[in-house]
């Protein structure tokens, strides 16, 4: 059975509590629960982790080595500032998909660049919570 | 029944004939046929159009007004150079999804900027032919 | 009798059908008809041409050689991207006026640069349909 | 009866005395006299002001509040350097048209940017003295 | 009674121990104690938090939701590098004031840009420990 | 008794008459009167000067030499364009505080740079009229 | 017998009719006729195509697959703006030589960059019509 | 007898009173008096003008037309910000020499660019008061 | 006896487990053990610390104050993004040497800039694990 | 009989000894000997000079004045860094052709700019040793 | 007796032989002879050196240590490209004046920056051969 | 026995004679003598070469082919300006170490970029004369 690690970066725990115009009204827990069921239904096994601390995300990625087949990551604001996260993902040689809830290209210019995209398998941005689900759809097709 | 217009820009007719390392071995016709079946199965109605001429794509978009509920567009190289295509999509007020087969962020720097992304619903890049299918998956969820 | 060629670039055929907040509610046909009457009243002879295909505009400019005294051109989105259109206008040695319906300087930054302005006689931007009429007013004064 | 304020910035008092290749041979006084007659004939009332001192232009704009319906301004070199002039025009909430005698886009690069254009109704550049007259033509059409 | 959260970013715990030419000789504890008394005297209730870990500051901001009326934050070096901190402050919809002890504009160029300033109520920079007190003065005036 | 010179740059005389969303509804005179009382109450002596002419502000600064202990300056639009004002302030060796009513960092990009900030004692931006009062509060603490 | 495709981009059909100071007085037809004879004399077989429409050039390149051994292309203004032309040339895996009549490096800065040069075999610029002939000379030496 | 106009821009009236490390201890009046004697001794006739108001300098330049053979100008801070001063000097067609007391190239980066230098006869920078005298020496040699 | 603190930033704990082409096959533990022996043999006393959390590295630096004579730091990805780390090192006034295993100048452009180098004693980059040893060699020579 | 000077810049003496993937296996001497024969056969007279010292190349160009009809120069790395070489070529008023063995546009970005190209007759790049021969072919056609 | 070293960089030996519109018709030898007489008449002792080889100029500067009181240098094209020349001048701690015959600010943009100006005593540019003489005039005044 | 070539670029012969604050008081000869002894003691054989002429350094590198196992180079100011030196080092395929006495990252911005670093084995900067010795230490470890 294929294993997936779903990672969420800073402030995503505030989903549903913050800026509903940008991010929607469902909470982080609701979305992850729904996603978990969806992944199970696809026949995969998933674990979930969220942290606001860059280094804790890095630690979680390190411990993923040899255990997961794919990572789905919404790096939040670390997308634009964290070389360390990029290095962590490269260090474990697990392919990953970068997802964003909002369309980062219609927001501030400093959100248009990602330190992860060029080393990701692919990027899905702008589809709200469905960005996660579409990543799973892709994994289901190829795994 | 919801209607979808699938647009493909320049050189995508060469799929399967060009650079298989980057774009895979399936031909444009094969992929679009498979996509057509998939869309039908989802209960949508789709039309397909490909052109290497920017203005013909614009004409096709203009004639879409009031007829389609969503556009899925792989703008190819026009992604990076065509303000006119952006204007055409805005002029018809049909929401659209931008898809790319390859991961444009791991290619030449001039492919990192898109004139369409900030006015798209969302962007899917890097998943090969599945980028189209994932766009359909999203539409199925929201329509 | 002096002859004028009025050229319109991509998406201008959608006038009145698109973004009325930006471009107004009159259609392209209505505006050109009114403009035609105005030019006639001034004692000039005018022809009109619109295309969404850059190369067709170039072809039309080439065929203008030795036939028209002035060109009034609203290059639309090609303003910002087409060196070929610039070269076409230079190649026929017909003086031209660049007009824009909207104020391009209050829109996206990529609309602030024009490949035509420095070789135009002058530029009129932001006066809605009257931008065309003011170009005619100028020609009436000097021809 | 509609009232128009015609403002001219630095060095425009030298018109006809300076660089005739760029600006023509008519003097500032001759052009403004002709313009005054033209505005009168259109049924408007106009006042004229020129200064080489940025702050005096600002003072004149402030005193225009509630008195004029439109401002026609040739800001001269202040076009490219004066944020204060921009603020003055915004502070009185009188719509204005920016005009230039020469084609600023075919001159030095530092003349290609204007601090006024994005907040102007529109811009007319390159038509010599007729740039003023065309601004009046526009006002006649809309007022 | 109004509640204020005073946040201090990385290295501010070293105040008084580091570079006295830049930051003065009073320790972090001394300044915060004096500030606490001042806030009490104004009739507000304040809590204080300092961390060198970006994610801990984010966590502290998240837990502030619905509890504080205003945040006074000296983000230290995170001012220039942390999009995540910006997002955290936006996510809780608590207005905040950005303060700096030193004048960041007379230091290295990379300290001239702040990821927080444009979404802050206001910015106070260069007044040593009094930057905090002046923020309180403002709150006293408006709350 | 300590003496303070309060300087205001271009368009600040229009306060209360212009863009109340940005600058509030109180007039320049009302604010300065209130500020004057506040300074008196603190035991300082203040003079006030406003001009829309850069050179008049410079002249006023020159005449301040040896007479004032501190300058509070709201340079308005000259903040972003006037090297001469910077030089004038340096030439008299009187320390000064730069204040802004609006938050210049949440406005147009050309307002993000100041020619004065790096040579100011400190900068206060975004607190409406209270920016002046907070500057006085600081002076009260140190003088 | 080796086969060569000679492609010419926008406005080159105007050769001899436009800007003789820059491009010389011989017409496009005269030059291509002379070039055709020269290629024949070298023992190659050549076809010629010119279009002002980017997409038609792309179509012509696509149909060249498996048929020509080398392409000689003067992309005209598309040199500087067309990523799609670059992709078309890459898609058919036919080596090509980029030629220019004028010295693009002594013209406007926007003509100094080419989207084709880095994937061309080589570039010949500035030798008037002889740029084409020199490309043939090279092919004669290596084929 | 040849006539020279010596112009000095903002803050130069403060010479000897400001930053003696940068500008020396002699006052503006002392230097101009010494310069006046030197010019007289060379057999020229000179007039002197200083203003802190850009527009007054422009007015003085305008009134110089047809009266002076050469202008020596120390534009002070206007060097770096005033396009209007450049235009004024061009408008009167009097050749001019740009002088600076301090070496502008060893000061802040924004002092490295001059709006006057490229249209000046020449530039003399860094020699203290002698920069003026050396300009006179040059005029003595050529006039 | 001189004391040295050896600090390692994010992902360096993965040495030997990640990208052996770039970083070699020895593990972090093996290298640090060998380095520890080498430092002992030189007669110094060393402590070692590694963290993936920026703030923990800062905390460790703060606690080093008055205890270590030199710091050897491989900041990993924080090299390019952490102003806070720079400030921490400056705050304790302990001289430090920046080392890198790989040659950062032959990697991605964003790795060419370091926030630490200009305040380091010196920088050693590209020598694999020997970069650490060479830093010790230097300390042995000067301490 | 027409005379040609063939100049080669730094490191070209290493041809055939260095990086054969980029520059081929023939030595400098072999190529120049073959080129010499070819030039003789065309009825021209040629001299050859190579130096790794910029100033020696300049000296050789100076001594060419009035003696050669054309210069063919491969400036090697001086292409990108030597203004002095550009000035030397301009100083002798001998037209010249710039040639490169490799395609400089597919190499490092700093090789994309040439200080010579805009003042050359034309540029030939990427054809290996044949770049020289093609330059001769051109001279044979025009001389 | 004070000693002066006059240094001239690349291509200045061609003075009078090259581009007389830019540099005048007098030869290098004629100018230096006249300059030599002028320096003698001032009571100084001068030596002269010109080279087209950067390193020879550096060698000459090194040998000047302890022997000359001032250097007058026209660095020619090395002005814009030679950090080594800057270092050589700094290494001997002899003050120097940078002179240029032409006005470098009215020439190509790459001539607007000098690697020497910020460490020179001053700069004289645009006065033809008199630039040298004016440097001597300055030395006469201060030595 | 392994052979090392130690190269020093421009102005390094002035070591000990120039700017002791930056470079120390030991002369070039003293340092090289000490280094020579150290290399001998390590069992290597070294040759030394210094020149202020870029092309002589290139010549020396060319003659090193097949003779030396490693090059240690302090390129001095050529670090920042010489593509030719880079090419020379690449042309001989001898690995090399780049060393600098001073910390180039704490000096002028134009010293922060090196044309050699990305093709060097590694870089050692800021350790005074010990930078050379540390390079030898590395070679001792690997050879």
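The letters A, B, C, D, E, F, G, H, I, J, K and L name the chains in turn, as written, and every chain counts its residues from 1.
Keep in mind that, in the parts below, a residue touches a chain if its C-beta (ideal position, glycine included) is under 8 Å from a C-beta of that chain, and two chains touch if they have at least 3 such contacts.
This one's a predicted model, so the numbers in the text were calculated from it and none came from an experiment.
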- Note on the structure: The chains touching both chain A and chain L are I
- Query: If you list every residue number at the chain K and chain L contact, are more than half found on both copies (same) or fewer than half (different)?
  - Reply: different
- Note on the structure: Among E-F, A-E or K-L, the pair whose interface repeats that of C-D, with over half of its contact pairs matching by residue number, is E-F
- Centre to centre, by mean C-alpha position, how many angstrom separate chain A and chain J? 55
- Message: From the mean C-alpha coordinate of chain B to that of chain H, what's the distance rounded to whole Å?
- Response: 63
- Task: Compute the distance, rounded to whole Å, between the mean C-alpha positions of chain B and chain C.
- Result: 31
- For chain F, residue numbers touching 2 or more other chains are 53-56, 81
- Just spell out which pairs of chains touch, all of them. A-B, A-E, A-I, B-C, B-G, C-D, C-G, D-F, D-H, E-F, E-I, F-H, G-J, H-K, I-L, J-K, J-L, K-L
- Query: Can you list the chain I residues touching chain L in their complex?
  - Reply: 103, 105-106, 114, 117-127, 130-131, 133-134, 137-138, 141-142
- chain L contacts chain K in the complex at 9-11, 13-14, 17-19, 51-56, 76-78, 80-81, 110-111
- Message: Taking the touch rule as given, give the residues of chain E at its contact with chain A in the complex, in rising order.
- Response: 53-56, 58-59, 62, 65, 81-84, 86-88, 90-93, 115
